[in-house]
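For reference, the structure I am asking about is given below.
Order as written gives the chain letters A, B, C and D; numbering starts at 1 within each chain.
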Amino acid sequence: MVKVKNLYKRFGKVEVLKGINLELTGGKVSAILGPNGSGKTTLIKAVLGLVIPTSGEILVKGENVRKSWSYRKYIGYMPQIAVFPENLTLKELINMLIDIRKEGYNPNIKEEIVNGFKLEKYMDKKLKTLSGGTKQKVSALITFMFDPEIYFLDEPTVGLDPISSSFLKDKIREQVERGRLVVLTSHIMSEVEEIADDIVFLLEGQIYVQGKVEEIIQQAGERNLERAIAKLMEKSYNA
Amino acid sequence: MKRLFLLLFLLYTAGLEAKTITVCPDCPINSIKKALEQAEDGDTILIKKGLYREGNILVKKSVKLIGEGYPVIDGEKKHEVITVKANGVLVKGLVIQNSGKSDIEDIAGIKFFRTKNCRIEDCILKNNFWGIYFAASKNGIIKNNKVIGPAKLSYLKSAFGTQIETNFGNGIHLWHCKDMLVEGNHVKNHRDGIYFEFVKNSTIINNLSEENLRYGLHFMFSHRDNYINNTFRKNGAGVAVMYTKYVYMANNRFEYNWGAASYGILLKEIYDSYMFHNVFYKNTTGIFADNTNRTIIEENDFIENGWAVRIWANSQNNLFKHNNFIANTFNVVTNSFQNPNTYTENYWSDYKGFDLNRDGYGDVPYRPVSLFGYFTENYPQSIILTRSFFIYVLDLTERIFPMLIPSKLVDEKPLMRKYEWSK
Amino acid sequence: MLKLLKYEFYNMFRNKWILFYFLFFLILTSSLFYFTKEPAKVVATLLQMVILVVPLISLILGTIFMYDSRNFIELLLSQPINRKSIYFAKYLGATVSLSAGFLLGVLLPYLFFLRQIEGSAEYFLYASLIVSGVFMTFIFTAFAFLIATFFEDRVKGFGASILVWLYFTLIYDGIILFIIIYFQQYPLEKPVLVLSMLNPVDIARIFVILQLDISALLGYTGTIFKKFFDTWLGMATSFGVMVVWTVLPLTLGLWKFKKKDF
Amino acid sequence: MIKTQILKKILPLLVAPVVFLIGFTACEKAVQPVPINYGQDECEYCRMKITDPRYGSELLLKTGKAYKFDSIECLAAYYLKNKNNPNIHSLWVPDFLTKKFIPAETAVYLHSKDLPSPMGLNISAFKSKEELEKVRQKYGGEVLNWEQVLQLVKKEWLEKEGQKTDHHHHHHHKDMNM
């Protein structure tokens, strides 16, 4: 569903992405991992069109993303930190997004998530009054309610209580079973291990290791993903 | 008793000699010209109500032309209506209208040429090229006339960049005269309301001169004249006095001379003069002094003018004392770093100092000149920056760190209260 | 875009800054009318607000709005909307709200006091003050958006805003004065006219002043300006310049916005 | 370092209007007399409004700047006081009959006490001797060239101005015999 060909991105003097080639297909949760500054977020933002690549090509469902914006109707994006217009109410925000997006909006999913996160009581509250966790829930809601084919989730469970966190993870798995593609980043390796199928490990703007979760743990000869990743990173530091 | 007899006798004989000739449209003598032919020196020509169209009426005898019920003498826009070339002529109670107009000649409603002891009283002059015109005359009196010309101020409004009619004459025009009295007249819609050129020892009193195209009062080379209790209002350019010595101006009002290049009064090359108890109200410039010297300006009011006083550095040894400067945009501007004049004991409404010792004078000197004022005087185009933030900053900087403004241009004893002079 | 704009307005009209801005003009204008019943005098004072406060507030609030909504813009950008729509919606949301704050603040007291006015109601004068103020808002909000798009760093952004403000309200006129003094032996009537016509703040200032009493003080120079404004060409030119100063920073900002990485 | 960078960016903004101005003046047409706005323009010398088209005169600088005068005597006086200015380009006076500008040096002048000019020196300009004679038949007076006009103004005005510090000297304009 998402194809990245020879992608380069430079911010001023710093080259953040150095020739990324990647193909992600539906029915899987792919986790993009890597140390800080390795280019995870930049890669996701490039696919979303938030960052404009220096060179290379990105195809989403066969459509080149450069100069196009309509392909984003296939994508749901949950940013790391959710910030909303502070003077709108939650209801207005939802209506606004439905207004401008329409396509794929599924009221059933919306209901399900509103109930799951217990968001009903915030509907008429101004967004600036919401707590960080609640904002995160809102962010998930507006991502899932459009039932997109591709999900980009940047640290989706940060700030969520265990109940909400499990609920969200269930939802993620549910999407994958429906053949959707979920791309996520996370610092919680146990979480990645729990829900991800594939891992793309980025290092200094390049793909260092890529593969299934179990394979990577096996290759590293470690007990779990966290240790496997730690080993990978250590190796790279010494290299 | 003896004296009384003598007087009666004299009156009787005078009555015998001086006859009265009556003119009216239906009388045997139905024209003024005919009457003049029959008249002798000292006679009275009584003109009854009616319309008289006689071309140019030339008066060469010492007669009295007296109108009854305001007869109308009409020049049919072709002629000078009345020309007087004799001494001791009295003209009274006439309407004189529609003189001719010329590009090169000064055609007047009534012109006195080389006369002595002539008077014009209670006449109405309408639509004449020049109104009342005295040339090379002495001891004349112009009193209680109404002189209304054809020059409307509104001509000026559309004047810019297009050719407009500017060929108008003056209302009361005196040229090379001496010992004259201009009293109680009302002049309107001429080029200059009252104009003096080479007129000496004369007095202008109690006149109203308004809405004239150029100046309400204009005089040049006219020494030792008095201007008292006149009002000059809404004239295109205000009042201009030039090249003259020993001018006495008191109790006049200069008001609403509010146009792009208007003055309350323009003083150009004026020497040893005195301005006292005048009021300058709502003029673009109150006094504009160019090369004015040894003149005393005392106890005048400058109220709500654009510039109260514009004084150029070639004006020296003048004294400004006990004047009230109230709510003017600029109080004093000058084009120099020097200050050859004296400002003392004036009241400045925007003075912000205190009077701690309660002597009636502010404790710190007042500086009436702003830096922007200096710029506008030297580089007139800079006026376009009026109300610009830049100008506020500039003036503020100059007040804190004075550099350009003449440091001696100060009123050392600014009054704390308005100076009260009785009107 | 219109849908987006609708919610921008929802958001903006509840913004406390906009409310303060409106109240500021409302209270100021009301008290001016309370003390003098002459619209011309009120306009003379408000003019200073229009050429100083309106640009400054438009710049500052414009940059604040843009910086504050950065993350939300990110969210919007991940939706199927093009960048142009987002930029315009944001711009119009900010600029129309600010204009409305100014316009209502200045207009309501005028209408309220209209019956008590002494002398001329000065409709045209008041209208030109309001139009000038609205233009100032459009122009300087466009600059604010341009600046906020160009500079990632807030501090730099505010610095640039202040600089733009100083340039148009202060430095530019300083340059004009310098030119008038330095080139005094040249026929400067036209150049000074053209130079002033290139600065929107000067256009607004001169245009309003020419209709006030003090225009008589502008003398010969003022007459030239007055004559210029009296022609259709003059009106069209000054209007055109205002539009250009709105469109120029707006397009430049949009151009940068389209290429910007979030 | 940062300061010079900022300066580099701001400098064009500061210079732009000046450069623009120079470009503007460079494109200006050849130097020629500017029409006088009668009733509006002010005399550069005597500060009076210019109202009479028979006498409105002009001095042009090489830069194209025009100084306007309400009378020929004012133009002459201004010129006498400023003739060292290397920027002076030309002097123009109006032909008395057609009111069109002619160069001051080539005009012929009538000095007649019965043809008063705005500032009292009674000087009128004509484009040719024939034209002048037409008017002189009516008013009389003497014929002058430009040099003589300058001499007259110098004698009648400028030399007497120098005496202003003298308190009681006799006034300097000859009165007509009465």
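One rule holds for everything that comes next: contacts are C-beta pairs under 8 Å (C-beta built on N, C-alpha and C of every residue); 3 or more make two chains touch, one makes a residue touch a chain.
If you're wondering where the values come from, they're calculated on a predicted model, not measured in any experiment.
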Reported most central chain by Cα centroids is C
Farthest CA centroid from subunit D: chain A
Per the C-alpha centroid definition, the whole-Å distance linking subunit A and subunit C comes out as 42
Distance in whole angstrom between the CA centres of subunit B and subunit C is 47
Whole-Å distance, C-alpha centre of subunit A to that of subunit D, is 82
Chain centres from averaged Cα atoms put subunit B and subunit D apart, in whole Å, by 26
Multi-chain contacts in subunit C, i.e. residues touching at least two other chains, fall at 171, 176, 188, 220, 223
Residues of subunit B that touch at least two other chains are 160-161, 260-261
By the touch definition above, subunit A meets two or more other chains at residues none
Those chain pairs meeting the touch criterion are A-C, B-C, B-D, C-D
So, in the complex, the side of subunit B touching subunit D is made of residues 103-104, 114, 136-138, 155-156, 159-161, 163-164, 166-167, 175-176, 178, 191, 197-198, 213-214, 220-221, 223, 236-237, 240, 242-243, 245, 260-261, 266, 268-269, 271-272, 288, 290-291, 293-294
Subunit C partner, complex, touching residues on subunit D are 10, 13-14, 17-18, 20-21, 24-25, 28, 34, 37, 40-42, 61, 63-66, 87
Within their complex, subunit C touches subunit D through residues 163, 167, 171-172, 175-176, 178-179, 183, 185-188, 190-191, 194-195, 198, 220, 223
So, in the complex, the side of subunit A touching subunit C is made of residues 11, 45, 48-52, 69-73, 75, 77, 79, 81-88, 92, 96-97, 99-101, 103, 126, 152
Per the touch rule above, subunit C residues touching subunit B in the complex are 47-48, 51-52, 169-171, 173-174, 176-177, 180-181, 184, 188-189, 192, 196, 202, 205-206, 209, 213-214, 216-227
